[in-house]
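Next come two complexes built around chain A: one with chain B, the other with chain C.
Moving on, here comes the complex of A and B:
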């Protein structure tokens, strides 16, 4: 681009302008061709998915209409007498999210430090940690929940451990990436004073790591409350279990109280984490 | 005065930390993590792992079909989410919205839709329109709209007003302003967020089956109900492979697009 501007500034002969025009045409062609290929791939994907799922475009209209009818005739008005029954599971959801977050933070600090190239003891350990983190991240929390319910039985314990495990995948990667981006000069300076490993970590690494650590941990709390709200659907504790019970029994007006409480829970937790973030950073 | 304030601040901090620790311990007790089950965890996990190896899939054709269905649900959910988000974002962005109240109304709608998890939407859509992949597609689309509309609207609000003014000065209609001015400006943000959302939707599509909205999640629940641990692991590995494959494809497409731009720029 800058070379173009330079050429325009200096007087040019006519054939040079023609050459530039041809060059522009060639570049445009390259982009156009690639765009065509990309759109063709996307169109093929969409056609494949469309026919595979037997999706009819009319369902967008009928689906919206049915949904609106369902919301206004069955869900509304909410039956607030069910509030008492939702309170205990809602609190349980908060407890699960919090404990899940603390578990994942503790393990992620360990795995994060091992996975970051500059703080790890050995490249092989770094690679193994990255692989473990990637595996934990690739499997959704709900799937961990299903497996853990099989192992630990129904109840909040399985859900909490599922949140913790999938959290290591997210936070481990985030912590490792933050650690890899810190300024090595500060760490070296602390080391040069003859500091021990712990002193180096505390004085050289931690001050630079703190911001990312706090932000990501709180973000995980926001995620957890969403995940915990649905973990109940598989019997892993929390508000989702009561909600599904109500839906299965066609008690939609009570179910809408559950949905509103999930909504409120998410808003409250996000507000609180935002306040804490403001205070700590 | 200074030491007094310092002392007070320190004390406030200690109180907060103390409260947090008390709340955390209370939560630990409530969650039942110090249950006798955790002390049996070792033998339970050992049992589980023994039952899991070697992973098997008793009905490979069914599982493969379910995995394909999950991928298709994710593609369709993302497609409709993106399409509706673009249209709604035009009404939500303050600088192109016909009226400021419409902008607020659409944004409030997005905030509500976003806060209700995708799986709950799937539950509701199943009640409203029946079982199968369609409620899954609609649930993903609705949940995607909540997130994508917000980021698209923010991208539109941040574009250079000079571009829009210049187009308007040439006498362009509202539609022409959108097509020639707004869409090219937000293209890169639009692409990266849509791809990001597709990655999220793949994960959701894998678990939608849990509530009966089609796909591989149902196979997993079925296997776990009959305590077929080896099949649980087999299907989990299929899900893992499915998510990995989808991410590889999207990364390949994105790299290709970037490469083409670089090639044309050189």
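Moving on, here comes the complex of A and C:
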């Protein structure tokens, strides 16, 4: 006890502690300075963006007034006789979303496994797959839709392919990221038993990947319903296509039925996917 | 003169970042031996062990396992070597989300066609055997639980069961008790030793607890900075040598 006290009392030790404290304070000061710089940059960027978009409270006010007028005089009340005409396209939107999701899931499994460093066959393959995924992601579904309508004509085929392609950009990246996060120790243990590549994937990787896989795929289904509705506006099939027709003919009260149905579709799909997720995970 | 199971000659390993983890390790392991490798953290014990089944690839030297050149083995030949070498890990490395018995069944993967094994379609016989092995390590009540619901000591016994399911001739255990409390450690080491004796297995166990090594091993190998600095019986391992191993620069 006394010997310990002596050690702590020695001036050398004390100096060291003092030095460390000074060091700590200096470090804190540096961090504070960095933070201030960061906040200054953020404030400058926001100001710049604000002026750049001509954002003003007055415009918001008149805009809101115009919008309210449009909603109450043109859109309302909804003309529910149009309901029957929207039913078929609404179902088509669901099919498009579902098939689009399946397409993107299938290709994303392939590209995801090839893009993740720990499951890929070679770093060059991993890099190439990441690049392909990034390219597909960089182009929004709407642009794919416009391109594919030109190639395949108007209709749900173009829309479905657009959803599938842009989906690979999202799911491929998500899958690859989930795979890179898995515990390599568990994979090593399976490999060490003499398992083949496929066995290692099936028994070592898949159980760890499953949760992320299901969650992301269902999330993509949610996204697809929204995107499918928009894709219709450019003629790529589904409920948006019918909606576009009504709007073009100034049949706003019928169009409002379409809008309500899109709303309902989104809610139904989100509810269903949430239930499925609960069941599976 | 008993038969040689494993031989390494001038085994060296340099990681891509330049770390020299093994330096000219030359060892001969005979059938039925229980060898313990001791040495401080970072000495190269894991790297040595992971080299034996090519979880990492040594940069130089030779490994001969039951007459086969391990470093030359590829594809199917490598998998057939691996299935004869069971491995137990410090952090158990069980598939946490899979049930206990399925983790044991993973020991059979090397014997199954790729597709069948990958989809987890194990035969009735393999499944019965797996359950029997679980009984041997005292875990018959835990067979259908998810692996991560088990305690550390139980998980490590599943690890041993999985290795045994391979019907290996060599068992590697990389610090199997480093994450366990003293009483589980004792328990796991006892199971490990019994299983090896009953099945006539040769085994190499990395340990950093010298007292456990002295108690359980027939032979102790000391590694320091990637080099073998001691190789002898537990009796020959004096305090001077352990001090040199663990404390001197």
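Everything below uses one rule, namely that the second predicted complex is superposed on the first by the 224 of 281 C-alpha atoms of A that agree within 3 Å, B and C clash if a C-alpha of one lies under 4 Å from a C-alpha of the other, contacts with A are read in each partner's own complex, and residues count from 1 in each chain.
Just so it is clear, contacts are C-beta pairs under 8 Å (C-beta built on N, C-alpha and C of every residue); 3 or more make two chains touch, one makes a residue touch a chain.
Predicted model only: the values in this text are computed from it and were never measured.
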**OP:** Using the touch definition from the top, say if A:202 reaches chain B (first), chain C (second), both or neither.
**Re:** second
**OP:** Answer with first, second, both or neither: which of chain B and chain C does A:59 touch in the superposed model?
**Re:** first
**OP:** Using the superposition on chain A described above, determine whether A:210 touches chain B (first), chain C (second), both, or neither.
**Re:** second
Original post:
Given the touch rule stated above, what does A:194 touch, chain B (first), chain C (second), both, or neither?
Top reply: second
Subject >> Comparing the two partners chain B and chain C, which touches a greater set of residues in chain A >> reply: B
Original post:
Thinking of the overlay built on chain A, is A:186 touched by chain B (first), by chain C (second), by both, or by neither?
Top reply: second
**OP:** Could you look at A:19 and tell me whether it touches chain B, chain C, both or neither (first, second, both, neither)?
**Re:** neither
Original post:
Where on chain A do the contacts from chain B and from chain C line up?
Top reply: none
Original post:
For chain C, which residues count as touching chain A in their complex?
Top reply: 53, 55, 79-87, 89, 91, 93-98, 106-112, 114-115, 117-120, 159, 162, 166
Original post:
What residues of chain B sit close enough to touch chain A in their complex?
Top reply: 23-24, 26-28, 30-33, 35, 37-38, 41, 44-45, 47-48, 68-69, 71-73, 75-76, 79-80, 112, 115-117, 119-120, 123-125, 127-129, 133-135, 137-138, 203-204, 206-207, 210-211, 214, 217, 220-221, 224, 227, 229, 232, 236, 239-240, 243-244, 253, 256-257, 259-261, 263-265
Subject >> Contact footprint of chain C on chain A as seen in their complex >> reply: 183, 185-186, 188-199, 201-204, 207-208, 210
**OP:** Note which residues of chain A are touching chain B in the complex, please.
**Re:** 1, 27-28, 30-31, 33-35, 37-38, 41-42, 45-46, 48-50, 52-55, 59-60, 62-63, 66-67, 69-70, 74-75, 91-92, 94-96, 98-99, 102, 135, 138-140, 142-143, 146-147, 149-153, 155-157, 160, 226, 229-230, 233-234, 237, 240, 243-244, 247, 252, 259, 262-263, 266-267
